[in-house]
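By letter and in written order, the chains are A, B, C and D; residue numbering begins at 1 in each of them.
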Amino acid sequence: MKLGMIGLGKMGSNLVLNLLDHGHEVVACDISPEAVEKMKKAGASPANTVEELVQSLEQPRIIWLMVPAGKVTDQVVDQLGGLLDSGDIVVDGGNSYYEDSMARAEKMKTRGVHFIDVGTSGGTSGAREGACFMIGGNREAFAEIEPLFQDMAVTHGYYYAGKSGSGHFLKMVHNGIEYGMMQAIAEGFEVLEKSDFDFDYEKTARVWSHGSVIRSWLMELTESAFANNPRLEGIRGVMQSSGEGLWTTQTALDLKAVAPVITLSLIMRYRSLEDDTFHGKVVAALRNEFGGHRIVKEED
Amino acid sequence: MKLGMIGLGKMGSNLVLNLLDHGHEVVACDISPEAVEKMKKAGASPANTVEELVQSLEQPRIIWLMVPAGKVTDQVVDQLGGLLDSGDIVVDGGNSYYEDSMARAEKMKTRGVHFIDVGTSGGTSGAREGACFMIGGNREAFAEIEPLFQDMAVTHGYYYAGKSGSGHFLKMVHNGIEYGMMQAIAEGFEVLEKSDFDFDYEKTARVWSHGSVIRSWLMELTESAFANNPRLEGIRGVMQSSGEGLWTTQTALDLKAVAPVITLSLIMRYRSLEDDTFHGKVVAALRNEFGGHRIVKEED
Amino acid sequence: MKLGMIGLGKMGSNLVLNLLDHGHEVVACDISPEAVEKMKKAGASPANTVEELVQSLEQPRIIWLMVPAGKVTDQVVDQLGGLLDSGDIVVDGGNSYYEDSMARAEKMKTRGVHFIDVGTSGGTSGAREGACFMIGGNREAFAEIEPLFQDMAVTHGYYYAGKSGSGHFLKMVHNGIEYGMMQAIAEGFEVLEKSDFDFDYEKTARVWSHGSVIRSWLMELTESAFANNPRLEGIRGVMQSSGEGLWTTQTALDLKAVAPVITLSLIMRYRSLEDDTFHGKVVAALRNEFGGHRIVKEED
Amino acid sequence: MKLGMIGLGKMGSNLVLNLLDHGHEVVACDISPEAVEKMKKAGASPANTVEELVQSLEQPRIIWLMVPAGKVTDQVVDQLGGLLDSGDIVVDGGNSYYEDSMARAEKMKTRGVHFIDVGTSGGTSGAREGACFMIGGNREAFAEIEPLFQDMAVTHGYYYAGKSGSGHFLKMVHNGIEYGMMQAIAEGFEVLEKSDFDFDYEKTARVWSHGSVIRSWLMELTESAFANNPRLEGIRGVMQSSGEGLWTTQTALDLKAVAPVITLSLIMRYRSLEDDTFHGKVVAALRNEFGGHRIVKEED
């Protein structure tokens, strides 16, 4: 098939290479000319603007977005809205909030354009060699582009989940689970680190990756991380988050769905962003007030 | 090699079959004559008592225990203590508390008997077809029986972790991680269940098992569970626990290792054992006291 | 002073009585004629409609709202918007979301009407005998009505916190703290209940109310609750919530403010609304999948 | 009455002053001669050793211990065991673990000595001016010394809870509740601190101390802490703990009593002891492995 790809970052460029491997024609577009040039060398047709990309595709066009969620996606979708024709298909493969995707699909629908929300998982290596896709939106439009998923995904690696928003909803929840799994694994190693035993963490992660109940890709990555850096020296335990964990948590609270572990995983990430906390100061001051307990001073 | 197996439950009997497949000679012992008979039919030598088992092995003997942790293990180890000779090796492959294993090893050492603590993971299917072993205890004794692990484990599926207790410590932490992972996965499906979308959970678990960041054996088992029962109808959400999660939590608290997610996973299991809680009654009564908020009566 | 009160529920009617005690003139309005009649008997002037209430006050009018947050408040504020004149003051003493209050103040400002957001605490008894008020909005408008707070509040029981929204923000956080405190107290009694000792809970709450570090109004209410019902028999532990805990939690997450205890208190309330959970079913099914652990059936 | 006090630290010395105020005769003993001298000046009889103290009391002796829990208490109790006579009464007013108290009472009983376990709350000011006591042990022995509690406690400030251990059990749970309440209050201020509003924390704590649902001694102490240091400048948010929170948590877990908020309060204290965490490093490393997300370096 022929399609356009907007956004050639770590995920987008790997998806392009993946598509080219499978014989698809890709028109590749990015605000960075270097990124476009790189894809051109790999076999894609270059497009330096969204207009150019739209013009180089025949109707019905297929355009895949792999750009940052939020404002950038809004901007690109708005721009496409003015350029596309009835029957065209826009796929948002990024980490958009599912309600945004539902609103965009609604808006696009007024022009006859199909908007498909696709959650993409598997990391950068998955994008290159076989990813996992959760797909929501119009069923007929999905059917038209299903061959792309057959080629880009690992076997059994895509699922059409139904109406608009369902793809990004699944991806959101997937990331919430990911937060919980990562925190659980990490806490396990924290217990090992504080124990009196002298474990080899790479070997520990390896044995847990082979035949155990907790074998998982994340455990394999843990093995790899410890192979690179046996005690994770020089790494600050700052746990960034990109928004999907927060959405899962907020959605769970709104739905009154009981999700303490996913929620706590997010809260511990926020805690890790701080060198000190105001709540800690309050508790320390209170202990001093009632019991005369010593306060640790900042200069200590 | 030739060895004795005491305890022919789900795990023990599968390990015997696994050993027989690999050409080992097994003397199989259990308090249930039926269990012994079953293993005899499979090719093991039967032993109806521990004494009989000990007598049918030549020195240095290798005896593998696969009996319930706690009192039963204590009893069998004590009994063996009076029967074994210097140089014999006792392997505890069950879910014993690591400090108990350390104490048992110390006691056995006074008679020259080696006590090896082995955490076994992989479930009943793993025991049969290839499990995961975490091993602690005397290095030389481990080296003698290493061929057993090479045969019973999946590739890379065993790890000699060092001194006595380290094998069961690793298994304990493994189970703590397992609690956290399971709770995270389960909470994800709770969010799906409460949402307005209409997801097919088997297909969801399948796509998450193929190419995603959260792919794992537990996710494959989730797929299998939903394949058997698409909405888990008829199942009460009672989450039993067998002790290892509690030990991990207690150990984390003792070590001041920060493990909120593993801890919360256990607390939610305890919560699931109750139809109602006393803390809930207190909060309901308090809300009524200060705000006149309606109390739900038990007969409601 | 003379003022109008709209909303004569448990809180509103007690505030009216409190105001009348202090010699203020109150025009009392409610959709329930009985509620109006009751206040009339107590000494208030009756008003059966908002229009009537507005007409019976001289400019600059002071109107206090004590109606349910959300839609009802929206409706009344909109209605007032069309009836009031520049210089009038509207006080929202209910549990409105602080961002709603900020938006309402902005809207009212275009007509020259001051909108003061007031968080009211102390329960129904406080409303009657001396409450606690957290106040946000225009400083001059607050100064005009400060005598009302001096009379209705306990000593030191009101605080002008600054710009619009700050009063309801403080009340929101107050309620978040309340959730955490109540859950902590309730968990303490849960531990007592599960212990082998035979505590008298009323006496326990009484001793903890006198001289201890945890003495508090909530502990006094706990004593009262146990005095009424020593084992809380017949009460279901269903912990309802009215929204402020959720807002605190959501706000904390948005601000990356670390608030695990307030958040968990809310999650446990949600958990208490369910007889069974889907996440529990998933964990139970998974344990059966890998370990053959028995599932509890719903009919059990 | 006449009694001996062993341990003249912050709590013990204030209890002595409290007892002297009420006309009791106190023999005061401490390993620090200065502490003994200070109490001598205040009107107590000095004793530089435990033997001296025992000799200066007539049978049946009453001896109150106010020494650090654990080893020191063990040592003093053992020493007393060799010196006391049948009918003597030993009171442990410190923060001992309730099971230790039960064991000590059992041991003392063999010599006919009564051992009363007393949890003392109210901080140093309470010890001086009126504290709160939770009392376990032999009922007759309690009756003999009840006048002491009548004098040292605030009105309604003591409770005889029953058999040996019940006093310290109640104190333990009291402290667990205290952890939860403090954390809840502290989290509330954390949300205020991160908000866009500009709150005066002293005034906030004051208004919350007057008429609100969350009014409490801890909130009054919060007001006092902010009066001393409006933004808690110079204070590190290090939240120490002295053991009772851990015991409450462990006991709750052992009893399968659901206490997530008390538990999390303790875990956040442990978190506050660390500048960085190993679990944080693991999560950061994992995010880098699968998504190429940037790691924060320690030198950053």
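Assume contacts are C-beta pairs under 8 Å (C-beta built on N, C-alpha and C of every residue); 3 or more make two chains touch, one makes a residue touch a chain.
The UniProt protein names, listed by chain, are A, B, C, D = 6-phosphogluconate dehydrogenase (Decarboxylating).
Small disclaimer: the values here were computed from a predicted structure and weren't measured.
S.K.: Would the interface of subunit A with subunit B count as same or different, where same needs over half of all numbers used to appear in both copies?
M.R.: Mostly same residues: over half of the interface numbers shared.
S.K.: Greatest Cα-centroid separation from subunit B: which chain?
M.R.: C
S.K.: Taking the mean of the C-alpha atoms as each chain's centre, how many Å separate subunit B from subunit D?
M.R.: Roughly 39 Å separates the two chain centres.
S.K.: Round to the nearest whole Å and give the separation of the Cα centres of subunit A and subunit B.
M.R.: About 33 Å separates the centre of subunit A from that of subunit B.
S.K.: Let me have the rounded angstrom distance from the C-alpha centre of subunit B over to the C-alpha centre of subunit C, please.
M.R.: 48
S.K.: Can you tell me which residues of subunit D touch two or more of the remaining chains?
M.R.: Residue numbers touching two or more other chains: 123, 183, 185, 187, 190, 193-194, 213, 217-218, 256-260, 264, 268, 271, 277, 279, 290.
S.K.: Give every residue of subunit A touching subunit D within the complex, in rising order.
M.R.: My answer: residues 10, 123-125, 182-183, 185-187, 189-190, 193-194, 217-218, 221-222, 224-225, 229, 232, 234-240, 260, 264, 268-269, 271-272, 275-300.
S.K.: Quick check on the complex: what are the subunit A residues that touch subunit B?
M.R.: For subunit A paired with subunit B, touching residues are 121-123, 126, 130-134, 153-159, 161-163, 165-166, 169-170, 173-174, 176-181, 183-185, 187-188, 190-195, 197-200, 203-204, 206-219, 248, 251-252, 255-262, 264-265, 268.
S.K.: Could you please specify the touching residues of subunit C with respect to subunit A in the complex?
M.R.: Per the touch definition, subunit C meets subunit A at residues 213, 246, 249-250, 253, 256-260, 263-264, 266-267, 270-271, 273-274, 277, 279, 290.
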